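What follows is a pair of complexes built around chain A, which joins chain B in one and chain C in the other.
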Partner chain A sequence: MALDTAVRRNEAPVKKRRRYRGFAHSVWWFVIPAAALYVFAVVYPSLRGSLFAFTNWDGISQNPKWVGFDQFARIWSDPNGLTSIRNTLLIALAVTVIQNIVGLLIALAVNSRIKSRDILRVLIFAPVVITSIAVGFLWQNLYTPDGGINETLEAAGLGALRQNWLGNPDTAIWCIIVVVFWQFVGYSMVIFLAGLQGIPEEILEAAAIDGAGPIRRFWSVVRPLLAPSITINVMLSLIGGLKLFDQVFVMTQGGPGGATNTISTLIYSNAFSLGRFGYAAALAVVLSIFVAVASVIQYRLLALQER
Partner chain B sequence: MAAALGLAGCSAGPQSNSDKNSGTVLTMSGWADDKVAAALITKFEADNPGVTIKYTGLPWPGINTQINTELVSGTASDIVVVFPGNGGPITAQTLAKGNYLADMSSSKWVSNYNDANKAVMGVDGKILMGSNAFTIIPAIYNTQALKTVGATAPSTFSEVLGLCGIAKAKGKVAYALGGVAGGNYPYLPYALAASLVYGPNPDFVAKQAAGDTSFSDSKWTTVLEKYRQMVDAGCFTADATGTSLDVAQGQVAKGDAIGMVAVSPQIKTIEGKAPQGTTFETAAFPATDNKSETILPVGLGAGYGVNAKSKNIDLAKKFVDFYLSEAGLKIALDKGSLFPSAPVEGYTPPADLAGVAEQARGEKTSSFPDQTWPNASVNQSYTDGLQSFIGGKSSAADLLKQMDDAFKG
Partner chain C sequence: MFRYTWRTGILEGFMILVGLLFLFPIYVLVILSLKAPGDQSAKLAPPLQPTLQNFFDAWQQGGLGGALINSLIVTVITVAFTVVLAAAAAYPLSRLGARWSRFTYLGFLAGLLLPAQLALLPLYQTIRDLGLLGTLAGVIIVNVGGGMPFSIFLYAGFMRSLPAEYEEAAAVDGAHAFRTFWAVVFPLVQPITGTVVILTAVATWNDFLTPLLYLSGTDQQTITVAVYGFVGQYGAQWNLIFAGIIISILPILIAYFFMQKYIVQGFAGGLKG
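Right after this comes the complex of A and B.
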């Protein structure tokens, strides 16, 4: 009996085997309806639309002609195409950097014990819930030569700083970046705030006891623990910036003189105004590739940081 | 939620009495809040018992993409809004490429139009749309503002520049200019080109299509020189490239600007923004110092066409016939202010069009250039390039070259 007990003690525990029930009983069946809908509504139209990028279809004629990669080559020879790519990348990078840095600073501020922090959180987040179309019209009004911004500058004795904000090709693109930042900085703030509130107080207290100042605590303790929030925020703002359309369309329609065209506005104008559906599809494919590449690179870099 | 959004997306428009009739149902896609269409439908249904017209009103600019997409996908209404000319998603010549519109060449109302009009109403001799109104591009003046500066509507280009100086001295703007997309900034070159290019050379369009002339080789250079002269003389709104049409109209309405060059349907909008008692007058915009050389741009406005795949083609054509009949024109005049495309007994032009009405009916007119361009890229190059030109960022030569390149396709 002692030997039996000893043997039993030395034997590895017996794993309970699950009975294989076959695909027929697999949980994947529950995914099929949603997957089918996704393929029908997203995958199939996307693939079919992408095929038009290899044709010269004008959106009207019955028989489009296959032209291979001509539409893609056109992007690089079209001055509007190059301008739109440059503007798209500029907006995406500028919005990502500025929105996330300022969003983080605001989150740090409203995470502290200042009075009225609840009201501040609401006020800063409020523009996020306004539709982009409404935001575009609102700011278009403010930016007009006799609009609120110039009138405020005049009233403050800064009339020399009056600008033709949206009518000047040099300032128009930055005006749009300011609007996007204003609308979505609250979004970044909220995500960072959630991340900050997940950091245990004891860790910060321990760092303080060890002599770390506020900046050192932030850089060495808070920042690494915020890595998931940084990943999400950077990804969302980068993707949002790359596909920006509403604000540009409402405020400038890509003007003045095409100076604020983005890939999205160029897709719209080529498909629905100029009858160049094939070219618009090529632009859409290029934009999708930009978004995919940017997302993958940025996700991998930040995943390294999270580790 | 999608269903609710879909129902909400069906614009409010003229309601038909579909509950009462169970006969033939015609579908029609037109402008949102169109009182003229509502009145026409009511009368047509009364005259054709058993027929119901189901109307869908669409706003600008969505009307372009919606009707275009529906025609391509085969789900369009029996009667649809169509623009004359080429270069837009729902222009007659663009839609002709896919044979989406029914041929109405044998309709009685076709004879009301001259050859220049018919050329933009279809292609290869087919008439694919009809419009009940002409659009004019005059100079629209605030009469009280003119009196304030002690001036009258200019009839020569020198007088135009003179008015600019007078207005500037009095702290006003001579010509309001909305330079933002959708503004009135493209219309002044059209007014100048009517007198300098298309009026003196009626075969310019044909020569250009044949490759025998181009924008760069024509008096379009003079058109843009004169535009530049006016910019440099301070004729226009400051920071025009950042000024919307709405603001420009407001300037004229309040008398901060003496006038503006715009399409005639905008007169009603300007009047709506003006203080009570303000009156407006129109005049052809001169391009030279010889009054007899002034040509007025007059073009067909948007109208209706019949879906070639309609199951009720004959009935749809009957509606268009009614729309363009004298009875239909009278209903339209009663409900809205327009310049009818055909003579109407007893018609008197409104006071604000009195300055151009007679010329608009005569020979000293010219079509809108963009209705004759072969593709939409020319218009895009023109409007984008003109913004840069007004802002001083590009030259006339650059702009005209871009237009020439776009013209070649």
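Right after this comes the complex of A and C.
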């Protein structure tokens, strides 16, 4: 397909190209409505938000004072600030690793000859289309001291493992990671599946005839061909993990004692409960830097692969 | 060549177990919603006397009907504007090689790097100052503006691979610019329009933070905000809460099961572009 278009593009006569350029030129103004809304809803407020990060603004006063990097320094002195950065990075990395490894294994399994593969695909993807609010409340109930998880452990004779899962700072953050994994592993699966289905069966058969077993076939044939799917999946889960808000906001409100705050929940509470707009803006700038760094790295990887 | 062997059988059995484990939360959701508050059955067992009373109560007490309609309005209008504006903007950006158009395209792409949290506070104030707090219009404007980078990215990538002969012929015939675009280019990009519609619709329907900011505490709520408020109000009455949650996710689940092929394609295909 791609080759096809490339050939066609090269063959297009110069004269024709000049003519359609004329038409596209005449409709340059098609860009204006989209650009206006984009500037209104994204560019202008993002620039203002970045400026707020250098002020002590409380959201009400008319004359915010310029305070330089004080708000950023405050992240270091605020125990919640450091915890939220640690949690955000932990969630993003853990979700990325777990979701992609398990997602790939599931994709390989449902790409095989098993008879239940279609129904499994539909079921495992289903949570992706459910709102995070519903998912969060559902799991909050499962994690309660007399909820589904503890009852199941009890029934399986593992009553000693009973916990107040979300009330314990050591387990709460991992509970959130499990929820995000459950919700989005189907997304990874689907992208890996699309990649797997692009691999012609003849190549795998040829490798099998040459004596390659299933593991060898995966590592030497499938894995290199899946590289773009891996990059896209890692990018999606990493950036989604960095921005995580809904599930935490619903399940723990950042608690117990701030132990599960992410940067996004801390932005929300500082801005809309505590009136610390300047501090919230500084946190948002830090989050943006994380997201930008992750995106640029991924983009470079993708560009390298496509060469 | 690769046939169903005893190994495949073992994999089949294992994957069915995985599937059941995966469904466990949904099982709990359903059985709890069907239990009366005083139900005597064991916690994880199906109800002895299943009842739909929780669903009636949740529907009436949570105002979920109105919230569902609001969600539908916000989703439909957001999708319509996103498709038209993004497709129109992507067209000249994908066809022109001029410096301003490349610069503008990169400007849109930069939006992919900016998390919504950065714009959150100033945008909230602007919407408030414009008197749009508590209106669906405010949410729609924020959604459409915020959705431009990704949708334009998808459209522009697709349009670059389209030959220009058709629109050229139409333009030579002297058709009006927007009509040419609408009648000739837009139908050709239908596959990517499907992707944009699906991704935008699912994201908008499920969105929580934007409607929470702009609509909470007013009588115009979307379904996610209504469920959030409903849970806050009914605290530990999980039977009732779960019935409300099922009502809130049922429309999108029904849509998913009927159109799962397209929806899955949208999610898997949108990102390859």
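We take it that the second predicted complex is superposed on the first by the 268 of 307 C-alpha atoms of A that agree within 3 Å, B and C clash if a C-alpha of one lies under 4 Å from a C-alpha of the other, contacts with A are read in each partner's own complex, and residues count from 1 in each chain.
As a convention for this text, a residue touches a chain if its C-beta (ideal position, glycine included) is under 8 Å from a C-beta of that chain, and two chains touch if they have at least 3 such contacts.
Bear in mind that the values here come from a model prediction, so they are computed numbers and not experimental data.
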Next on the checklist: With both complexes superposed on chain A, which partner does A:254 reach: first (chain B), second (chain C), both or neither?
Outcome noted: first
Next on the checklist: Looking at A:59 after the superposition, I want to know if it touches chain B, chain C, both of them or none. Which is it: first, second, both, neither?
Outcome noted: both
Next on the checklist: Quick check for you: in the superposed arrangement, does A:142 touch first (chain B), second (chain C), both or neither?
Outcome noted: second
Checklist entry - Now for A:275: first (chain B), second (chain C), both, or neither, which partner does it touch? => result first
Checklist entry - If you stack the two complexes on chain A, which partner ends up touching A:292: first (chain B), second (chain C), both, or neither? => result second
Next on the checklist: Tell me which partner touches more residues of chain A in the superposed arrangement, chain B or chain C.
Outcome noted: C
Checklist entry - Overlap of the chain B and chain C footprints on chain A, residue-wise? => result 59, 146, 272
Checklist outcome for this item: Within the complex, chain C is touched by chain A residues 2, 5, 8, 12, 16-17, 19-28, 30-31, 33-35, 37-38, 40-46, 48-50, 52, 59, 106, 109-110, 112-117, 119-126, 128-134, 137-139, 141-142, 146, 148, 151-152, 155, 182, 187, 190-191, 193-194, 201, 204-205, 208, 228, 232, 236, 242-243, 245-246, 249-250, 263-264, 267-268, 271-272, 277, 280-281, 283-285, 287-288, 291-292, 295-296
Next on the checklist: Please output the residues of chain C touching chain A within their complex, sorted ascending.
Outcome noted: 1-4, 8, 11-12, 14-16, 18-19, 22-25, 28-29, 32, 43-44, 85-86, 88-89, 91-93, 95-96, 101, 104, 107-108, 111-123, 125-126, 141-142, 144-146, 148-149, 152, 161, 163-165, 167-168, 171-172, 177-178, 180-181, 202, 205-209, 213, 223-224, 227-228, 231, 238, 241-242, 245, 248-249, 252-253, 255-257, 260, 263-264, 267-269, 271-272
Next on the checklist: Looking at the complex, which residues from chain A come into contact with chain B?
Outcome noted: 58-62, 140, 143-146, 164-169, 252-258, 269, 272-276
Checklist entry - For the complex, which residues does chain B have touching chain A? => result 64-65, 68, 72, 88-89, 94-95, 97-100, 179-182, 237-244, 247, 375-377, 380, 384-385, 387-388, 391, 393-394
